[in-house]
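Each of the next two complexes has chain A plus one more chain, namely chain B in the first and chain C in the second.
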Partner chain A sequence: MKNLQSFVAASVLATAASVTAAQAEDTVKIGFVMSYSGWFQQIDAATIKGAELAVAEINENGGILGRQIEILPFDNKSEPPLGADGALEVIGNGATAVMLPSDFDFGAPGAFVAQQNGVIALSGASDPKFGVTGIGPYAYSISNAAQSQGALLAEWALNEQGWDTAYVLLDNTISYTNSLCDSFAKRWKEIAPEGSLLGEDRFRNDDASIASQVTRIKGLEAQPEAIMMCSYAPGGPSAIRQLRAAGVTSPVLTGESLDGDYWIGIVPDLSDFYVVNYGSVYGDDPSEAVNGFFTRYEAATGGRADVSYALRGYSMIEAYATAANRAGSLDADAVSAELNKFDEEPLVIGNTTFNEDLHIATTRPMLVMQAQDGKFSAVGRFAASVGNLD
Partner chain B sequence: MDLLAKSSPNRIGDRRKRLIPLVSLIVIVVLVGLAASQGAIVMQRRVILALIYLVAVVGLYIFVGNSGVLSFASSAFMAIGAYTTAIVTMAPNMKSTFLPDLPAFLAIQHMPPLAGIMLGGFMAALIAAVIGAPLMRLSGISAGIATLSLMVIVYIVFGNWDSVTGGQRSLMGLVGYVKLPQATLFAIGAIVIAFIYQESRGALMLRASREDPVAAAASGIRITRHRWIAFVLSAFVTGIAGALFAHLQGTVRIESFYLSLTFLLLAMLIVGGSQSLAGAVMGALALSLLGEILRQLERGVPILQFDLKIPGGLGDIVMALCLLLILMFRPLGLAGGRELTFSRNRTSGDNG
Partner chain C sequence: MNSVQIITDALSLGGIYALTALGIGLVFSVLRLANFAHAELVTVAGYALLIGVGLPLPLVLFMAAAASVLVAMATERLAFRPLRHVDQTTMLVSSFAVSILIQNIFVFFSGSRAKGVDILPALARQVSVLGADVSMVKLTTIAVCGATLVGLISFLRFTRLGLEMRAASQDFSMARNLGVRADRVILIAFALSGILAAVVGVLFVAEVGFVQPRLGLQLVIISFVGTVIGGLGNLTGAMVGGFLIGFIATLLQTFLPLELREFREAFLFGIVILILLVRPHGLFPARHLKERV
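Take a look at the complex of A and B:
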């Protein structure tokens, strides 16, 4: 009798356990350990919305491996250390992938936890360290490496625009801008005649005035035909304004950190400004997939996107879902193996290639946008010819 | 008083009584640690962080509480501790990724975390010893400003010393050595160090100088020297807190060690009461608890059938409001300058 009782009890327990297990496995859980508040929220917001759109669309089409995707949000409050707590929490709740903020310093603490727990970490960090060398084999960035963006701009300025001289103006406060300007200068020196890089100068994002840097440019024998400026808001727009106010009319080039038109009020009627990003939010992108994406994005969120970062959020989820479906499993090793096989995989952000050592795009084309008379428009897609990450 | 105690048959009992404040604080810390060990992993990390803040606040108290001179240098010493342990404990292959230009004798170091943490404390103490020599001659507001500039200098130097600290970039790959037992033990260690020091003759003289510097100097107390001792000891404990912080996060980033951390630690000390060790411990635990409650409320907590949720960012305002209320209505802090005792006539400490 006692045996029977315990048998019944055990089987009831076992059934209960299997029911909860089945419920827990009902959804594929992806943690969004992102900056939902604080100053970094400005940068993450579009990425989150893009990823949410991807989740909604993939769920409509049957989800991952026939299971619906569930988002587990966690706000890191723009404090990088909280990202580690967030990653632990969402992984504890069953997340098989974690999306992290689009910056190495912000994303790394969480990615490190994900790596240690055997979970895929996804980010839009433009730093190749968000990958095998810096974090580990489970970390993937959907972005173009900052180094390749600098090289792309150098080649584009020289070969496409025919600008013969350049000047580098670096805001050295974050690692992205350092990598961007370093790689521009390096590539320029490789492909342009000696002496055509007229100078390199530095400022800090919180400098109230860059008058001395402007004076040095004005003092050059001939004005540079292009100024590569690596910065971000608010210091970057302020520096452009000071350049233009002082009468420096050379074209200004920059990377994705000055994407978007939210700051253009600072520099009225800005002209001859060129920025590389992932796609045009104005409906004039050469890629129909991108235009279609932003139309759907507008319908889903009720407003035009400010920046192109939504493409990154969308493509991260797209990449993960594609790889998991191919692997037939959510196991990090299996998914990672499929991601490493991506060879010109057509994602909305562009054809993406990963391999065992490189978990970031280097030679994928990016869109060059221009601002003329205060209006942005697409110029065209271009790619760096080399993927040098030094 | 001393003579009386010696002639009294309760001499041993009195001596035991002197230990009551220490024992009760240790019991509180152990209880916090034990309670947290039952919690979920994220909750445990919050408690570990609170215990690390406790170590830092106790370190701050050793100087501020005994000398009465305000110090803003906590985050500087924490940064020194954190970067020291990072540089000596990171695996060489991680160092070659994050610190490719590190001098060779540092690049080959691969110490166990405990050694790195202790070295972090010693390095902070060493720098405090050098800088403290001229600094401790200042008093009042100028000493406070001098420690503030020390914090800024460390922030700028570490933020630009690319070859050794990696500049603005994060360092990664530190061993996650600090778990709940380690954090609890280090918290107890900090409390014991602070207690032994404050019971010492030198600390008593330093507290006399806090109450009346002129009278203390006239009584032959060498104020500068005793301030310097407290400053160095304080830097050692605070440096250890920084190293623990690094081994909890697994990453080090100079942005973590700046104004917001300094003010958080000072707020903890002021809310708890800067004139007693119990105040430092209570302040660290109370503000950590309040911060965690507010964080949960910002995310939304289901209470009965309601979903209680406060707007994001309100937490900081509530925190500031608490500080203001304490300053207005209880200027000596929660502990009111007293240690924890259970006797009716509270004469423990010198403020009783």
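Take a look at the complex of A and C:
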């Protein structure tokens, strides 16, 4: 019995190896070392689907360097350390680029392996550490840095909306939200009159109640004209629910971690809520490229996207294919040199700029979305005027 | 800041913790089991609310209570009763297994993402109490917690079953010798803990507005600390401990300076350690649990 098993296993391996060898010549392999299962799956799912759409479209148009793209999927099961195993496996099978989860902690283990093996690592992590400083010269993030999202919101609230006072409510459970609120407060203090930041408070995503935080806001002499709330679902929407239930009606601003409408049931009839993301899934994006993308996405996947992250997956592959075609090679140094030359490169996610030191977007415009009476709509695209990553 | 609001915040949070601590304490007092699957009894009630969206409120509330009680009794019958005569740590491990199993059943059927549930939307408003705006959700939470506590105390004090439970919690083998039926008392303790979990589940979901597979987890961890500082095995202790934790958490969040506020949990557990250093068996030690030296 044991012999039979090992025979079957050996022949399966042999078949797999010969298939790989046969395809090695004709395809460009990109590893998708992503969370296909587990709790992070919900976050990676749209990115994966967007990237799959990009692969299909690029293949239809002739692929990379005339070769078809082949996806090598690996499920890290939402366990960050497995990302390193996954990267080793797909690189062993010939991947020249690896797409990793949209979070530094989840993406980094695989990205280090890619860096060591001379392979490009792509992610939607909004932490600038996913780049030269934290990983190495082969790591690129397609996202806007969390720091630039906070600065963007501070400038937008003050300059575009004319809100004169603000309050910062930070859920300090994850590093993204910390960077977001820190950069908001920093930029606000730079450009707004002293004393106009009325206060700051902290909570945790799994707090049973934010009653004390709400009471503190209600105790202010004047209610803030904007509340910058850095959090994610479910704690974030729940915090807004508790604010609104307590009669705090100030506009609430937040970053891409609250992108999407899947949580709107927590705060039905939500109004005066503003979030920055990569594009509108409702067909009202100011960019026709984005509207076109989501129409094709719906046709390909059979349903409306519920977050804008699919744009990231799409544009990661778009960026890699563009750079590899220009380089005329899949060699990581050559592709990386072309990526570093991106100067306002028109990708679907927006015009993207990289250089030798900066492998993440800082001043690329993002879309401000609003929710009024429980319905989301696009407000417009805005950019931070400074790209400070401190 | 307004003291009426602060007291309301503390009472409502403390009430939730107290009911949870009592649910854990009830089972512990008769079975010596720290039932970590209590978290899932809270979660089950939450999901029952999700399923019942659109149905008449009394029916939905009944569904939530029935779901928690049924799951509580089923876990007792299937996961704990067969292990009652082996090592106590085996039962503890079994409670972890039950907890993870139920969480994964929810992930399987409903996904890991939180789902919005807008139960009791009428409570999302303010009323004026002694010159302060106080949220109706909080007042309702306090009232319901109070009523549940009174109900539970009356049950334990004035009914035959209650008497048997108190006897069993004092000295289980003596109670059995005197005619208390172990299976029944333990099953009733689980059923009661299910009712308490359902009350907590409904109040909690009304406030936070969502359900997710790990809904009850953090509540139960914090409340378990409440049962420990109150005195494991002592029901009065569990109640007081739960309230105390809610009060300390609210006061820390209210009065710690901003720079220290993110270390609120460290302060909370620091205070817990101090209490246990001074009173290792909790504030209300269960007499029969003390080690005899």
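Basically, the second predicted complex is superposed on the first by the 367 of 390 C-alpha atoms of A that agree within 3 Å, B and C clash if a C-alpha of one lies under 4 Å from a C-alpha of the other, contacts with A are read in each partner's own complex, and residues count from 1 in each chain.
By our rule, contacts are C-beta pairs under 8 Å (C-beta built on N, C-alpha and C of every residue); 3 or more make two chains touch, one makes a residue touch a chain.
Please read these numbers as outputs of a predicted model, since none were measured by experiment.
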| item | value |
| --- | --- |
| Superposition on chain A - do chain B and chain C clash or fit | fit |
| Chain B versus chain C as contact partner of A:Pro237, first or second or both or neither | second |
| Touching partner for A:Arg296 - first (chain B), second (chain C), both, neither | neither |
| Which superposed partner A:Ser175 touches (first chain B, second chain C, both, neither) | first |
| Partner chain in contact with A:Tyr262 - chain B first, chain C second, else both or neither | second |
| Contacts of A:Lys218 with chain B and chain C, given as first, second, both or neither | second |
| More chain A residues in contact - chain B or chain C | C |
| Partner chain(s) touched by A:Arg67 [first = chain B, second = chain C, both, neither] | neither |
| Chain B versus chain C as contact partner of A:Ala84, first or second or both or neither | first |
| Partner chain(s) touched by A:Arg326 [first = chain B, second = chain C, both, neither] | neither |
| Superposition-derived minimum Cα distance between chain C and chain B (Å) | 6 |
| Overlap of the chain B and chain C footprints on chain A, listed as residue numbers | 172 |
| Contacting residues of chain B [partner chain A, same complex] | 40-42, 45-46, 97-98, 167-170, 172-173, 176, 249-251, 253, 255-256, 295, 298-299, 312-313 |
| Touching residues (chain side chain A, partner chain C) in the complex | 38-39, 41-42, 172, 200-202, 204, 206-209, 211-213, 215-216, 218-219, 233-234, 237-238, 241-242, 244-247, 262-268 |
| Chain B-facing residues of chain A, complex | 36-37, 75, 77, 80-81, 84-85, 88-89, 92, 104-105, 108-109, 112-113, 116, 129, 133-135, 172-175 |
| Chain C residues touching chain A - in the complex, by the definition given at the top | 1-2, 5-6, 8-9, 12-13, 16-17, 111-118, 121, 123-126, 133, 135, 137-138, 204, 207-210, 212, 217-219, 222, 250, 253-254, 258, 261-262, 264-265 |
